[in-house]
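To keep things clear, I will list the structure first and then write my remarks on it.
Lettered A, B and C in written order, each chain numbered from 1.
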Amino acid sequence: MSRNPRLIDERITLKYGTGGGAMRALIEQVLARGLGEVGEGGIGLAAMDDGAAIRLGDRFLVIATDSHVVQPIEFPGGDIGRLSICGTVNDLAMMGATEPLALTCSAILEDGFPRRDLERIWDSIRATCDEVGTTIVTGDTKVMGHGELDGLVLNTTGVALTTRVISDAGLRPGDRILVTGTMGDHGLAIMATRNELALDTTLESDVAPVHSLVRRALDVGGDDVVAMKDPTRGGLSSALHEMADKSGVGIVIDETTIPLRDEVRAVGELLGIDPLIAANEGKAVLGLRPARADAVLDAIRSHPLGRNAAIVGECVEERPGFVVLDTGFGSRLLAEPEGELLPRIC
Amino acid sequence: MCLGVPGKVIEVDREMQIATVDFWGVKKQVRLEVCDAPVEPGDYILNHVGFAIRRIPPEDAAETLALYDELLRLADEQDLMTEDVRAELDAAPDAPASKGARDGAG
Amino acid sequence: MAQADALTQLKFRDPTRARGLRDALARLVAAAGHAPVSVMHVCGSHEQAIAKFGLRAAFPSDLRVIMGPGCPVCVTDVPEVDEAVALAKQGVRIASYGDMLRVPGTSQSLADAKAEGAEVDVVYSVTQAVELARRHDEEVVFFASGFETTAVATAAVLLDDPPENFSVLSAHKYIPPVMEIVAEMPETKIEGFLAAGHAATITGSQVFEKFVERHGLPVVIAGFEPLDVLAGLVKLLEVIHSGRPRVENAFPRCVTKEGNLQAQRMLWRVFRPTGGRWRGIAHVPNGNLRLRDEYARYDTRRRFTIDASALWEYAPPKLVQQCQCGDIMAGIASPSDCTLFGKECTPDSPVGACMVSAEGTCKIWHQYGGRPDLRSIKRGAA
């Protein structure tokens, strides 16, 4: 069931890059047409999952790719380099592939880009690769004229092998929804950093590789981990909407149980941005069969990146594709993010 | 727009008429020329698009909560179910929701 | 931590008290003796609070809380938007609150002009616009939208010696006059008003006394936390029930009878109320705020010759004729009554202003699902 709007715009504007309905419509109606078949048992372009999976004998080859245009390129808690590596490692992990084989990295630079800045970004890339236990094996470098590109754009692709692929479409009524930590940190840290808003805060991006966290969840949960997605652009809201829509279930969330830093809540209120639509770069959303849900929660909480994990809701039959929030005072439908509200956050 | 959020004053620059205000750990500068009373560090103010529009006297928070409790009492006055509501208010914060029969709101 | 406790208290989000107030509301509505009981609020922030906390799903089904013309962006009329768009296309740098960017004028919005190369900056505060003017040599026009609370900020900035290249295109509006219009509409069944707490912080509760005398409709001033909204409604229902219409202040921590005199002085020194059109509401006497002659040198309309005629060459698209924003803002229709709602008119492709602004009824209903039947929702597993 496609709830994506029918494309009518003559020009591709900023909203097509924000990860919401407009972008999905663009992919569905233009970019993926006639492309993306991967054969029996695989996950291809049409699925618009975090990556693709191609069956190779008794295993799957998983591929994920990302481009990064974040502004500013260095921000509290990280930089575009770390963001790129973690972004792709996490996408692979969301498909169930927690041991990356190798990464690629392409850089497009603007004429005049300071070498020192590039070296600093690359130190960060190296450190993150070491942290993950992977490396960049090939890449590309281009330089465009001054003013033809804003500073630096990075693209990373990752490949990995796995015996079991987990999509974002496997939910059924009764399944539990788990988030691995506090929501909205990255998106709001970036917004708070932008000088014109003049907010003095210690908010930091949560950018981190979550592959080992996911490994722990899969080791304990096994087949009871039925869906996974990382809530990047569009935040928890986007991730939940896609999972609900693709799975054909409704989701009910207890808003009072969603882990949220006080400062994130404050910045959100001051800027009028809901933390539930703000990006996360070191978190995952898991769909769990009830039987082992609590065990998986404990396993995740035992990991340094999962200390604030919580089970925040469950799947229901009613209102498939919709996400309802029990606010503690009443209920509402969780809004799907749209528009260029949060530009250049990842 | 930064609409109507209350925060606590940390620092005041009287000459520039600017206060540094803490909103749940986030600090922001807020202008004071429109405020209805002079502010000191420790005061609470209501911020609207970067201007303090009200100094919230600390006793007023308690006054408002008392107002709500009073409203509840008055609404219950002739009501046989008063007991249940009072009990609910006195109960622990995670007491179960009110009974379905009289709760038209789910 | 003491500070966290105090701020939490200020947040007024205690769910137990909320449940008690909700039950009180249900009892009062049931005791009214007729259904539905209709009340109106005139503040986009109230609608946002109601939507954000899911209060509509908690209101008794016989209570209609209607949103009136309380979204300042939504009521900014087409000619006012055209003025800003025309200036932008004339090459003048415009600074505007984010919401206004996508509001359609006759043929274009500021966002459309920006996509075609015009200089349009989004600001979160009028002070940012002044800083822009200080940083650049070129003219900077601040497109001033918002009601009286926001107009105070604009006034403060104009009284503080702004740079010569700064000017204000005032689209500010004043709420009390529009309540008169709504109260006088023959179709209206409104029994009482919930007034905006922040505006009343400035104007004081006294500003509603004459209105109540003239129309015999009670006004209760409420804040924006969940408890504030619920308590405000409980109080309003009580006053309606008492048969003694009056003004009541349910936001005493911020609102007094006289209000913020300092702010009022600044507001009325810089602005004068004048009659004008509100989008969808036709003429509102004294509903628009314009710069007084003493501040003419900062008045965009007097500094520039604005030629918006080029924008009028486009015939209005057919869809606009089906747009029901006007009726929706007056509270006599709801978004779901509009044939375009959710189909041709969505946040991605808005037809009317109500779908553009974060405080627009249609936008909020679309985002938060209006008033779907969410009563059967049980709490998720914990």
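FYI, a contact is a pair of C-beta atoms (placed from the backbone, for glycine too) under 8 Å apart; a residue touches a chain by one contact, two chains touch by 3 or more.
Nothing here was measured: the structure is a model prediction, and the numbers come from that model.
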Of all chain pairs, the one with the highest number of C-beta contacts is B-C
Nearest to the mean of all protein Cα atoms is the Cα centre of chain C
Dist(centroid_CA(subunit B), centroid_CA(subunit C)) in Å evaluates to 21
Distance in whole angstrom between the CA centres of subunit A and subunit C is 35
Note: subunit B residues in touch with at least two other chains are 1-3, 24, 105-106
By the touch definition above, subunit A meets two or more other chains at residues 262, 271-272, 330-331
Residue numbers in subunit C touching two or more further chains are 4, 15, 22, 57-59, 124, 374, 376-377
Subunit C partner, complex, touching residues on subunit A are 5, 8, 11, 13, 15, 21-22, 176-177, 196-197, 252-254, 256-257, 262, 271-272, 290, 311-314, 318-319, 322, 324-333, 335-336, 338-339
In the complex, the residues of subunit A that touch subunit B are 192, 198-203, 262-263, 265-267, 269-272, 330-331
Contacts from subunit B onto subunit C in the complex sit at residues 1-4, 6-8, 22, 24, 31, 33-36, 44, 46, 48-51, 53-54, 56-58, 60-65, 67-69, 71-72, 74-76, 79, 81, 85, 88-89, 91, 93, 95, 97-98, 102-106
Listed in rising order, subunit C residues that touch subunit B in their complex are 3-4, 6-7, 9-10, 12, 14-17, 19-24, 26-28, 30, 45, 57-61, 97-99, 124-127, 146, 149-150, 152-153, 156, 159-160, 197-198, 201-202, 223-224, 227-228, 231, 234-235, 238, 250-254, 259-263, 266, 374-377
In the complex, subunit B touches subunit A at residues 1-3, 5, 20, 23-29, 105-106
